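Below are two complexes that have chain A in common, paired first with chain B and then with chain C.
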Partner chain A sequence: MSKYIIKRFLMLIPVLLGATFFVFCIMDMSPGDPAVIILGPDASPENIADLKVELGLDKPLMVRYFNFIGNLIKGDLGTSYKNNISVMDQIRDKLPNTFLLALSGMLVAVVVGIPVGIISAKKQYSVFDNVTMVVTLILAASPAFWLGLMLVLLFSLNLGWFPSSGMGSGFGGVIKSLILPAITVGSNTAALVARMTRSSMLEVIRQDYIDTARAKGLKESVITYKHMLKNALIPIITVVGLQFGVLLGGSVMTETVFSWPGVGRFVVEAIKTKDIPSVLGSVVVLCILFSFVNLFVDILYAYVDPRIKSQYKAGRSSK
Partner chain B sequence: MSNITKHDSEKSRSLWQDVARRFVNNKLAVCGLIFFVLLILISISTIMIDIITDNSIYNEYVVKQNLAEKLAKPSLEHIFGCDEFGRSIFFRMVWGTRYSLFIGIIAIFIATVIGGFLGGIAGYYGGKIDNVIMRVMDVFLAIPSMVMAIALVAALGASTFNLLLSIAIPQIPRFARIVRVSVMSVKDMEFIEAAKAVGAKDKLIIFGYILPNAMAPIIVQATLGTANAILAIAGLSYLGLGVQPPTPEWGSILTSARMYIRDAWHISVIPGIGIMLTVLSLNLFGDGLRDALDPKLKN
Partner chain C sequence: MTKLLEVKNLTICYKTDLGVVNALNDVSISVEEGKTFGLVGETGAGKTTLAKGIMRLTPIPPGDVKSGQILYNGKDLMKLEEAEIRKIRGKHISMIFQDPMTSLNPVMTVGDQIAEVVINHENISVKDAYVKTNEMLELVEIPSERSSEYPHQFSGGMKQRVIIAMALACNPKLLIADEPTTALDVTIQAQVLEMMKELKNKFNTSVLLITHDLGVVAQNCDDVAVIYAGEVVESGTVRDIFKNMKHPYTEGLFASIPNIAEDVRRLKPIDGLMPDPTSLPKGCKFHTRCKYAQDVCRNEHPKMTLVNDRHIVRCFIQENLVSRRDIDEK
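Up next, the complex of A and B:
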């Protein structure tokens, strides 16, 4: 198992180098000379040329990219054009908030999606099942940011239960201000998880060994959780893991709707002020985060499904 | 033996007839298709109207500001109400249909062609070519698609064409993967061997024999991908990174909704329902298509 983890970890390095290089190249194409953006349009050509040398902008793309990677490893993402504050510091302040939001969204999706999917599967074609399937179809088709607006309209403005924007202070305040954004981020995934759990459970429910378990006189709850759910869980974990990227992307929207102080809102504001180092830094950090979560899901997957491990071993020995 | 085969082939339906028969039995999927066709008809007719009237209706009802009716609630005169500039949301939504729809369709078409081409080559030739192409695709997949779209728009600037690119590029690896797998499953079949034996060129084998047989999953992914693309377009436009005002794209109508949510609920509710119904219809259509093309997948 540890060999598998190490191998997957090493495979991540070229992927991350490629992804950061791609993002670096895209950002390099952005119009406008950074030196001119920093110094303003009235700066003298000599000052601009000096600053270019200082920022290393006179060097070729590859050299700049490797400088960037070197600095990244040291934890330095450059300074913002807008306020000269270190990009890394700003991201470090905001990333936990984004991570909290994405994780809470995931939690909503799992805590709501899996039980709903189980009940739907066990009571297939009942009223509950039909209603659930219609609701999940609607949720999966709604833009997350729009659901956020609807939640604000209903729960903040009409009922006054939760704040409509910002992040509260103190544990209670944070939780209270987190609920609506978390539901917003998690709703699409909750719908997907519910449908996935239902179909995955339905596949398992008809297997012979379930009949055997019933014939043995096992309790229905033991059959549901031990015999059915454990086997049905494998595709669900994959979906949940793959959805994390969607959740990160969705938090960008949701943070804007709820003025949540995360990386997503930071990126959108940086784009509007053409603050390239901030955009580049945030995108790179989000990619790294996403890749590590994917790695984690893959390892978890191998842990839950013994077939993956044995496949990997078989693949190694045949080479 | 030959008699039986002949008899059977006379009675049997073609693959596509079979698919159509199964599809028609799925009422939800048919509803989805009808709604989607309706949206396409609306888009085409508004484009025709613009051409015939030389944009006069567009200028008069869709983009012209009328501050006297600012934030007007839905009424008989303006059934969806008015936005912060007093423009009828009904007209803006009808005229905006084309942006969400056609940008989504074109973006997915681009992604299908490029991704399909790369995946086809990777799957057919295998070996080193396959390895290089798919590792590059892995790199693309390491970037969350919404984040990549935002980065692309940030670098290229916000415009309709750049929006198209930033929606299409993150989708390419998905299509490459699907096409690669389908091609790999078809390429070792006997009829391909037969084609090779009679000396058919690679180009003919790939485009003439393999791809038509690997079409089903591509069509399904394209339909569902268009639904996702429409969601992404609405999202980017909402952030102000997509279609620029005063163009009436649905997501961009929602941009101002947050600011006026206290005074004008209709601005946030109605365009969102439009987006939701569009995506829903495509999802239903895509799911129905998948079930019709491959009954084995149906649960």
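Up next, the complex of A and C:
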């Protein structure tokens, strides 16, 4: 098992190299010169040339990339072009907020999605099932910016229950300002989780071992949770894990709509101002986080399904 | 002999998009205490529907239990509440399913799965339940150290023995074995059947053995019923059925068994296929494949006729309305 985990950590190296190189090239190819953006359109060509040398932008792409990697190994993500603050420090400030939002969104998704999926599967083709399938389809299809705005319109502007943007202070304030963004990021995932739970449960429901469990005289609730859900859990964990990664890096829309001080909004700002070190730094951090979440999910599989555990032990894993 | 289980006029159908599947039509059988009752029939004859029906495990929908009584020790199981039937399942009547590969929960250890049924029915501590579990495993010749292993770590024959241990853990009065050896290879089949026989005698369990293998019936059963298209066509003691068969379908079944002593070039299968259960033929259900069939077979439904006090058959030949000679001369 530990051998497997070490192997997975080593796999992180090519992933990070690939992702950063990709972003590096895109940032280089996209129009707009960072030096011009920093100094403004009226700056003299000499000043711009000086700043380019200062920022190292006069060097060829590959040289810049290897400098970046060299610094990355030392744990230095560089400083922002915009305000000369260390990128690492800025991300460190914003990451907990993004984490909080992603976690609460996930909580909404799991608490709502799994029970709904179970009931839908157990009462297949019932009115409840049909209604939830339509509702989840709509939720899965509605983009975060639209849903966020609708929620703000209803609960902040009309009813005035929750703040429309920003992050409140104090525990109560944070919770209050967290509810709407959490629902926004969570509802999409909740819909996916509900649908995945339903189909995965339906696959398990007709298995022979469920008949065996019934023939033992067990209660239906015991059969549902102990025998069905545990067998149906692997695909659900996969969706939850992937979505958690997506929520970490991709709640850009939600963070923008609700002015949530997280990494997503930070990246958007950085891209707008061509703040290359900030963009790259965020990508590196999100990549590492995403990989960690995936690794955690893969380890979790082993605890849910003993067959996968013996595969890891035997080192036959294909990943 | 007292009747432990009596199924009377059980009719079960499944409602599907393609029509109503008449899986069981007016089936009556009875299992005597301490005896093994064999139920023989080909695929789709309704054997598993009967087994699940007795346990009240018919999936509803699409299943629909139209009529019938299931008397267990004189008590009608059909009238019991869900909570009461749960106390019967696993404790009084337990079941072994056809495919051991898929009948065990893959994410629970075999020990947990056996202990679960003990904890569910017996009023004993969890620790004692696991002691009992280990005893049961040893009884089916699986070392008790392996109780913490998962089903995928066992072979097919061992899995079936685990299932047998699970089914017998609460000392049930009746064991329903639905093709317990069909999915196993022949050497393992003999081993599993021998073990079932031993344990049956040890615990004085009655067995309803469902199979399509007449050899298995000859070796294990006291009484037999032959089922065709959801209907019992002949039943009696093993001797009655094997030595003095009356129904043309039973004859056909025996004729399809290859006989090593005779010099025959081809097997003699029964011509045709079992009728589509969504549209069963009028009259005798077997007339489409029966070489003795006459007009009366095509129009009237034969009744159960006594051959002797135990042996009954559903055929017009027995009612003396059709003669075998008609065809034999051709």
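What to note about this one:
Keep in mind that, in the parts below, the second predicted complex is superposed on the first by the 268 of 319 C-alpha atoms of A that agree within 3 Å, B and C clash if a C-alpha of one lies under 4 Å from a C-alpha of the other, contacts with A are read in each partner's own complex, and residues count from 1 in each chain.
The working rule: a contact is a pair of C-beta atoms (placed from the backbone, for glycine too) under 8 Å apart; a residue touches a chain by one contact, two chains touch by 3 or more.
Given the structure is predicted, the values throughout are model-derived calculations rather than measurements.
With both complexes brought onto chain A, simultaneous placement of chain B and chain C is permitted, the two fitting side by side without a clash.
In the superposed model, A:Y209 makes contact with chain C only, not with chain B.
With chain A as the common frame, chain A serves as the apex of an angle whose CA-centre rays point to chain B and chain C; its value is 80 degrees, to a multiple of 10.
Look at A:V304: by the touch rule set out above, it reaches chain C but stays clear of chain B. Of the two partner chains, chain C is the only one that A:G217 touches; chain B does not reach it. When the two structures are aligned on the shared chain, A:H227 is found in touch with chain C, with no touch to chain B. When the two structures are aligned on the shared chain, A:K123 is found in touch with neither chain B nor chain C. Of the two partner chains, neither chain B nor chain C is touched by A:K3. Greater residue coverage of chain A by touch, when chain B is weighed against chain C, goes to B.
In the superposed model, A:P14 lies in contact with chain B only, and not with chain C. Once chain A of one complex is fitted onto chain A of the other, the partner contacts of A:R92 are absent, as it touches neither chain B nor chain C. After superposing the two complexes on chain A, the shortest C-alpha to C-alpha distance between chain B and chain C comes to 14 Å. In the superposition on chain A, no chain A position is in contact with chain B in one complex as well as with chain C in the other.
Here chain B touches chain A in the complex through residues 135-136, 138-140, 142-148, 150-157, 227, 231, 234-235, 238-241, 251, 254, 257-258, 261-262, 265, 268-269, 272, 275-277, 279-280, 283-284, 299, going by the rule given at the top. Touching chain A in their complex are the following residues of chain C: 52, 55, 57, 85-91, 94-95, 97-99, 102-109, 116-117, 120-121, 150, 152-153, 163, 166. Taken together, the chain A residues at the contact with chain B in this complex read 14-16, 18-19, 22-23, 26-31, 137-138, 140-146, 149-150, 152-153, 157, 199, 202-203, 245-246, 248-250, 252-253, 256-257, 267-268, 270-272, 276, 279, 283, 286-287, 290-291, 294. On the side of chain A, the complex with chain C involves touching residues 207-209, 211-219, 226-227, 230-231, 304-307, 310.
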